[in-house]
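Below, each structure is written out as structure tokens.
Look at the two complexes coming up: chain A is in both, with chain B in one and chain C in the other.
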Partner chain A sequence: MTATPQTDVASDPEVEKQWTTKIRKALVKALPPERLIPDRQPSYLSSWIYVFGALTIGALTWVIISGCVLALYGPTWWHTSSVGLFVNSTHLWSVELFFFFMVIHLWGKFFMAAWRGNRQLTWITGVVTFMISVGTAFTGYLSQTNFDSQWIATQAKDGINSTGAGAFFNVLNFGQMLMFHITLLPVAVLALTVLHVLMVRRRGIVPPFEVSAKPDATPAASAPAANEGGVA
Partner chain B sequence: MSKTKTFKPDRDVKPWTGGYRPYDIAKELTVCILAVLVITIGLAVIFGSPDEKSVTIQSWSNANQVDFAQTAITELDGSSASATYGAPYNNVADTGQKIGPLALESWAGVTHPVDPPKDFVLGPLSTVTGAPGVQAALARYNAASPAQQAKWQKAYEDAVKNAKEVNGVLVVPPGPYGPVGPMIAYLTAMAKSGALDTSTVAQSGFFSTDYTKPLLFISDGAYLADLGTTHHLSGDQWGMMNETGSFPGQAWLWLYTMWYQVSPFNNANSAWGANADALIWALMMLLTVILALLPFIPGLRSIPRWTRIYRLIWRDYYKGRV
Partner chain C sequence: MVAAIGVLLGALVNLSGPGHYVNWGFIQISYGNLIVIGLMVITFVAAIAIPFHRRGGRS
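This part shows the complex of A and B:
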């Protein structure tokens, strides 16, 4: 009976030296499957405020899907098509919901001091994602090809120009704003959201203040390391 | 010898040794995505989205050709907002806002060149063929000395203040404005026909997605500003944060927009007001950095513990605990 190829590979010193092997091992060590997609959570996770992170992702999902449908037909389609107008309306309202949920999520995390226990980078990526989302929405408003986009462009130019950024970020240039809105900024928001969620999964959900006051059970075998960190 | 850090409750946590409970995050996420879809469709069906038609030079000049003519002469004589703007559109001395000694606005120089007399008036008129009167007026204007041109411009600017629209025709009181009268009259006719829209956009080639020039031209007139005020969109009405109609707009810009409503930024006669855009941007960047670095700022990072709102969030956990 011959050994399986997997066994050969696993025991091969040559394979162990590979970058691919080392990267895979580092990733699995940082985020083992039971921590990446946990089926249990610490018992203190019991509040509606926790739902707003998932709701933000839910809204982002529909922002992207409706935006992709608008992209299929071009930036002026929705002015002349009732279907286009409806899709644009779903795009608008999913964006409004996205910000509504995200701001509540942010305030919730603030009052939990969710940066404790080596979670500072998770907080920072959240804030940066929020700021880039503001820029993404802003360029979206500039890309509507209607009176609103004209008005916002002519009003916003003074603020942007005053920082010096107007030299290379011209809000009166529809083509440039559209490209920022549909490529550069959404990619950044999406990438940062993924990174943010992975960081949450890596560190787990922040425990309450004075959490060690009354330990009441032993973690289950498949539970995530919910609050590693200790003293930073 | 290793140094042991002291435990700080606003920075550190103790390892969780308590219980765990089943939690189906895949189901939670799926339900959230579907719930948002339902709410989104509901809002879209009930409220729709605003779509106020864009303003063109043609629609502007047809709606208010007196305002168009009054604006056009300021483009020709170089007194319009665009002509006196400075960087990044043109070289104008002593322009550009500052943050203390930092003149960021003018650091990169002119990167989107706009020459209003040439781009908005003389250039479009020079493309006209088959209109001898206009071509003669243009030739006379171009052949005149700058001093003579300035006299004609001043005379027209004074006269056009009292211009009227009579039976759809622009009527400017007579005056010593030489060829400038027929030039602006023909430019107005070009604008009303839509030719000026094409001319200002097409300056960068057949394919163009850059509306810098026509937008600057349109925004120099009173027509666009009046429309903005009608739609409750002007700067002192919380500006671009709003949308036309009764839609929430960019509500997340409330803090940025708020600074424009309060002293000292809303005092146009002060250095704060004159540099309000630059100063408010600097302030917002500072606040953003503070928000991002909150976990590292003693005092600020203690606010959650001091306010004790966390006890509401984790009320189940704190039940029975001191």
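This part shows the complex of A and C:
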């Protein structure tokens, strides 16, 4: 018995009707591999300001790795052993760098109006990720298990309670804050970051104003999914 | 030797005391936060101003 050629399978009407086939085709159409991992980038990306998105992801990577190590060994380890103190410090400083790079990334994208060209959702996912990151960092400060975290919790409770959120978000409840910090919020940040990057790959990086204003420019606001600008 | 390494790896500023704040009208901000914001502004301007040298020198 001979194997059925792939082309026959692909053109089989029964196969075409399968939901897996439809989803695969929709995904490939939305994000072809050459756009997902491109070989070349538009020439206008030759500026340091475009580096900060990648730097933010780099810092986030170390935040997650060091956070996983801290979760594995626990508070006694990170408070008492020299290696634990070191890993705890790298967790803190990678968070500092994460926000440092993310804010510069945000400023850059704000001043180049990066929501142009049907990129609104890319901008909005970035904004939401930023806000959730603030919450993740806040619950992290509450999870230090030291006097600093107790001080922050007692100071924050009045502010949180004044908003009414204290009914379901109790900053004095260490277990709840820890669970928020190591499960819910990091998962949200990671998922939104992946979505954000996929949107950037799908729509392309927003061209500078002078490029998108050229009437003969391939790119631009009107054709966001096209390969924009010159090739680097 | 150990003390010297401790100084090198430790905080440049003694962080054990109470915080220092800038008070300007109703605005109050710690020196730490102010310095970080200043560094971000400097980095932002530098990222725009400093040329990005590309491999191969293609234009």
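One rule holds for everything that comes next: the second predicted complex is superposed on the first by the 202 of 232 C-alpha atoms of A that agree within 3 Å, B and C clash if a C-alpha of one lies under 4 Å from a C-alpha of the other, contacts with A are read in each partner's own complex, and residues count from 1 in each chain.
The working rule: a contact is a pair of C-beta atoms (placed from the backbone, for glycine too) under 8 Å apart; a residue touches a chain by one contact, two chains touch by 3 or more.
These numbers were taken from a predicted model, which means no experiment stands behind them.
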Which of chain B and chain C A:90 touches, first, second, both or neither: first
Which of chain B and chain C A:143 touches, first, second, both or neither: neither
Touched partner set for A:153, first chain B, second chain C, both or neither: first
Partner chain in contact with A:129 - chain B first, chain C second, else both or neither: neither
Which superposed partner A:46 touches (first chain B, second chain C, both, neither): both
Of chain C and chain B, partner touching more chain A residues: B
Touched partner set for A:104, first chain B, second chain C, both or neither: second
Partner chain in contact with A:162 - chain B first, chain C second, else both or neither: first
Interface residues of chain A shared between complexes with chain B and chain C: 43, 46-47, 49, 51, 96, 103, 108, 232
Chain A contact footprint on chain C (complex, rising order): 36, 39-40, 43-44, 46-48, 50, 52, 54, 58-59
Complex contact set, residues of chain A against chain C: 43, 46-49, 51-52, 96, 100, 103-104, 107-108, 232
Interfacial residue positions of chain A with respect to chain B in the complex: 37-47, 49, 51, 54-55, 57-59, 61-62, 78-79, 85-86, 88-94, 96-97, 99, 103, 108, 110-113, 115-117, 119-120, 123-124, 127-128, 131, 134, 137-138, 141, 144-156, 158-159, 161-164, 166-168, 170, 172-176, 178, 206-220, 223, 226-232
Parts of chain B lying in touch with chain A, wherever the complex brings them together: 5-26, 28-29, 32-37, 39-41, 43-45, 47-55, 87-88, 96-97, 104-105, 107-109, 111-112, 208-212, 215-216, 218-219, 224, 227-228, 231, 233, 235, 239-240, 243-244, 247-248, 250-253, 275, 277-278, 280-282, 288, 291-296, 301, 303-305, 307, 309-310, 313-318, 321-322
